[in-house]
Amino acid sequence: MTSPSYVLLFALGLYVVAVLEGWASTGRLRLARPLRAGVALLGRETVTPRRPDRVLYETAPVLLLAAGLLAAAVLPLDRGAVSVDLATGVLFVNSALAYVMVGLVMAGWAPGGAYSLVAGWRFLGQLVAYSMLIVMPITAVAMRAQSLSTTAAVSSQVHLWNLAAQPLGFALFFLAAMAVCFLPPFDLPVSSDLAGGVAGEYTGARLAVVRLARVALVLTLSLAVVVFFLGGWLGPVLPGWVWTFVKTIAVAATMLVVGRLVPRLREEQVLAWGWKYGIPLALVNILWVGLTLLGVR
Amino acid sequence: MTPLEQYGLLAAFVLSTIGLVAMLRLIARSLGGVRKEPGKDVPFSGGELAPKPVWVRYHVHYYGFALLFLAFDMEMAFMYPWAVVYQELGLEALADMAVFLGILFLGLLYGWSQGALRRQ
Amino acid sequence: MTWQLLSVAFFGLLAIWFGVTVFRTSSMVRSALSLLGSMAAVGAMFLAMQAEFLGVLQIMMMATEMTIMAIFMVMYMMDPGGLGQMDMTHQKRVSVAAGVTGALAGILLALLPGWGPIVRSVPGPARQTHDLGIELMNRSMIVFETAGVAILVAMIAATSVAIARRR
Amino acid sequence: MIGARAGRWTWFRRVAARAMAGELSAFVVPGPEIALAHGLDLRSAGVVVAETPRHASVLLLVGEIPTGLGRAASVAYAQMPRPRAVLALGVADVSALPPPDVSAPLEQSGLVQGVEGVRRWLSTFAWSTEATAFDTEAVGTETRYTCPMHPEVVQDRPGKCPICGMDLVLREEAGTPHGHHDTSGRHGGTEQAESGRTEYSCPMHPEVVQDEPGTCPKCGMRLEPREGAEHAGHGPTEREGSEGGHRDGGEQGDADHGSMQHGGFMSMVMMTKDLPRSDDGLPMEWVEAPFGPLFPGLPGGLALVLTLDGDTVAEAQVRPGTTSRTLEEGWRCPADDLPDRLASLDPLSPASYRLLALRALEAAAGVVAGEERERARAGALERERAASHLDWLAQLGHLLGLRWLVERAGELQHALVTAKGASDISSARDGSAKMVGRLERTPLLEARLRGAGFLHSDRREELRGPVGRAAGRASDARCGDPVYRKLGFEPVVREGSDALSRLRVRLAEIGQSLDLALAAGSSELSPSPMPHDVSGHGSASVETPRGEATLSVHLTGGEVTHVVLTTPSERHVGLVGAVAEGREVSDALLGIASLDLSPWEVDR
Amino acid sequence: MITLVVALVVGASLFGVGLYGALSQTNLVMIMMGIELMLGAAMVNLVAFWRFLHPGAVSAQVFVLIVMTEMALEMAVGFGLATARFRARGSVEMEEATELRG
């Protein structure tokens, strides 16, 4: 595999996730929908609110998209198939995802509307709740891999996937991943009880970018779940990249569907649960991994 | 690839994202501009024209969490290098980190007991 | 090496420019995000100087910290939107003088002495993280645990002053 | 072409227009709940309901649009990006809006046909060389300059704030053509303050100032005349009597008149010292944000205004006037017309009000409807109750982000509204039993709803209908009814008085009502034969889906001469503050939604 | 050599900007931003020295970590104080903190 093929594969993944998202949000599986919806958005006016913070308003969608794509760039699709094999890839995924929050806060503040403002600051609260839960399980993954490289994270799962080695970490990371890409029930920043929230003041081409960024985030986070916990490219018979692809789409579909079965959480609940149960459990997970690794030695 | 080339590639990714967005905006622009009309550029607020500026001092009710988070977050800076060498050092590393996390957890418990972990 | 020089210079300029913007804009959110920009540029400088772990860590930590800073600025500044274009400074002349003097002194110090031979080779990023871990667990163990105590103290201090007793 | 984008057709524009025609999303005015109540199924017609006009390409008008709502709709229309179409179902013409691009009758086939029409419209007029600007009175804005720190300083040219010396910032205000309570009241005050004319102000709400006598839009008290203040900077009046929370406009006005005149430094201590304190003791600034009349998740027409302290609601009130129509003056009518008139009062529960009118007329005329007839009436009433609760569930699903609930409740409601006979009703009953079961098994739902919209028990006596029954109060107009007694009716009572218990009451009532409707056999609202030219007085009450409504009627010679109507939502609208204040926005909205207010019953 | 000097110059300039901010701003929160910038400048210098003079000295990186921690802690305590002060006085302007000057 070569670099352009990663991009193509990722674009294909984006399209599939977009189709799945349409399915999850309208209940109909239509293959042409993302393309048609995208063109329809481009054909509509791109309204700018009166005297917004123009710089932040324009930057926010780009930042959201860039954060999703950059995080994906360090995640491997197959053995040796990774755009940028950073030695600190695991950490880099975190740092790119931190800018999702920056982008949403910008997008919430910039238009100067009450709904988006509330929604933007809400997401910061959500970040305070989930951030530790995304970081700590990844640390436990790095403990097994003895490295911060994402490829090493996959290689360390040859004998046992992290899903089995640290189920608690997987559960926490999965939930936190849903919170990062603000999927239901964590869709506070774009919630329908604030008339679309942060995305509410974006129209036309800008809205298209915001929606694309959301899809990219879902794909990236699913890929991250696969790489860190589901053995990445590991799997019998089929080529590695097919495994990665299949697993990623499966995780994305699960993420998109599962959250819709429960009501949207309140920021207060997300925060309290994240800190009172999430962080202690994440510490227990680290301790568990630490002890099992000692046992292995 | 040397590390520096890798960082260059990451920068190129950022630039191409910007390029992608610019291209989308150009396509959209080629389909027509935005007509200026009264009321159109006012943020939607339930069918009323926005009455007051909202950029005022905003009460963030989760600042108790935020303060704890600011301090607690720094733990990560130490945990990543620790995780890398954990298997090499074994029990000693586990003990070290247990003490460190124990100390931090005390802080968390204190905050909890003082009511930082709730809406203010 | 030219690339290294160019990128250090570029991100350095970016960091300074964002740093200046922090105090020039009257919108508080912009101000906080400019500081984030400055700090992220510093992180990029770390990357350009091949301190990968520190660079990525800096870019990550500052994102959350500076955005949290933004909430406190929006809470406690008089006019967070910067709508009124207020001047929120005092003793401007003294401050400019102090700032310029400080910067010039630093620059002079940087230019004057011969810094001795420059080391070309640098340990790889994976090695750096590993060494850092070993260092933290061995020689700098006390430093590391002290940092833990400092964090504990900060958490206690922050909550004990900031959290109001429930009415 | 007020909805088209300017320009000629090119191939790419054609492609885009075709894509837009395939992806219709509609902003529904008054709201999706009205569409459901009229028996429209938007989803099967291929329309996605948009949460904000910004994301919508169609403005879908359903049924009668009162003037106030038409104004709000025109604002929403102005905020839609072009190309945008107006699809009117059963609406003649809304004065504030451009003439509808597509009109169709108010029924499912009309909707389908209308959607087709919009698709055609998009492929013909999405781009047009004759595109014109949309500019009606309602969205006409006046440009004003105001001080960010002293909102009471308003003038029509740029400059410095006389109080603090800051640059004034531009802001547009809605044009105030006629009777737009909010803006005319509030901002009018400061303009007159400069001229020193006589103005009228509410003794309880000093921020309500207008230049003609009238009643306060907030509390309904009569406004008192007073002399306009000399300086723009002074607050309109003393704050005595405005309890705790009320802070609006001019109240912090003259706090630091002096300190600003000398030196450029503005004292923040002075600025914040009069601000209300939040629970944690921080003096923050509050923002007034409208969450209506057109807000997804709340019934369309409910002009809710929340004063936000961060993301917490400090104050909540419902402004009147959005759905008010000219019904009131027209009450004088032949007795035979009264049922129709009353049925058009509330599109959300027309059958209940028709029944109310029938019963009141019968009471006035001294006629007794036969048991058979009353049974059929009970059947119709219960059917409407179940449908109304399902409609409410769909709205709740929207607020909770439970899409399946929105869809399922909508489908069941649709099935019930269009049901032909007993077999349709019993299949709807089975379907709703399944849905209720699923909802009860939904994880986290209890945690989400418990405590939201809680009402203290000293409010219990004010509560009616399901809200009252969820507070343990078996208040039900059906209890004394012999027909219901025969059908074996027992009111559903739950304890808790919060959103969760209200949900439980309504869930139980859906099944109960459908059982009753099935037991009643037929469902029909037929009037009893009435003597002509009857005179007399009579009153009746009906347990509408929202609670007990009563009507007393005076008849003189076959003419209705005087009518007194009380509706449950009138009572409950005053509870909005109690359920919302001090709560986080989404919780407050859930609490308000759990009251199931009908704005149509509130302003008549 | 040049790169080192450039990095040091950047560090010095950032320090200057931070110093200006810390002195000129009237608001506690803004003063903290100045301090953050100065600490950032310190980190730039530390990393530059590590990279070009002592790449083998891991303790330099530990030092940077400690400075970074210090930044976060300063913010936590600073905002805690700001909250307490705002609650008590309704202002975090330094000009109004007269009782602190004695």
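Observations, loosely collected:
Letters A, B, C, D and E mark the chains in the order given here, with residues in each chain numbered from 1 onward.
The criterion applied here is as follows: a residue touches a chain if its C-beta (ideal position, glycine included) is under 8 Å from a C-beta of that chain, and two chains touch if they have at least 3 such contacts.
Predicted, not measured: the structure shown is a model, and the values here were computed from it.
Ranking all chains by how far their C-alpha centres lie from the centre of subunit B, first place goes to D. Across all inter-chain contacts, the pair with the most C-beta pairs is C-E. In this assembly, the chain whose C-alpha centre lies farthest from subunit A is D. The mean-CA centres of subunit D and subunit E are about 52 angstrom from one another, to the nearest whole unit.
Subunit D has its Cα centroid 37 Å from the Cα centroid of subunit A.
Distance from the subunit A centre to the subunit C centre is 27 Å, each centre being the mean of its Cα atoms. If each chain is reduced to the centroid of its CA atoms, subunit C and subunit E end up 7 Å from each other. Annotation for subunit C: residues 4, 27, 50, 52-53, 57, 61, 64-65, 68, 71-72, 75-78, 81, 83, 90, 124-125, 129, 132, 134, 136, 144, 147, 151, 154-155, 158-160, 162, 164, 166 touch two or more other chains.
Within subunit A, the positions touching two or more other chains are listed as 42-43, 45-47, 50, 86-88, 91, 109, 112, 114-115, 121, 124, 128, 131, 147-148, 195, 200-201, 204, 267-268. Residue positions 26, 65, 68-69, 72-73, 75-76, 79-80, 83, 86-87, 92-93, 95 of subunit E are each in touch with at least two other chains. Interfaces, counted as pairs of touching chains, are A-B, A-C, A-D, B-C, B-D, B-E, C-D, C-E, D-E.
Remark: subunit D residues 147-149, 161, 164, 166-167, 169, 264-266, 268, 271, 279-282, 284 touch subunit C in the complex. The touching residues of subunit D, when paired with subunit E in their complex, are 265, 267-269, 271-273, 275, 280-283.
Against subunit A, the residues of subunit D that register as touching in their complex are 5, 13, 15-17, 19-20, 22-23, 48, 51-52, 54-55, 57, 79, 81-83, 126, 170, 172, 287, 289, 295-297, 308, 310-311, 398-404, 407, 442-445, 447-449, 584-587, 589-590. Only residues 5-7, 12-13, 16, 52-54, 71-73, 75-76, 78-79, 81-82, 127, 131, 133-135, 139-141, 148, 151, 169, 171-174, 182-183, 278-280, 282, 284-285, 287-295, 303-304, 309-312, 584 of subunit D touch subunit B when the two sit together in their complex. Those residues of subunit C that touch subunit A in the complex are listed here as 27, 29-30, 33, 36, 52-53, 56-57, 59-60, 63-64, 67-68, 70-71, 81, 124-126, 129.
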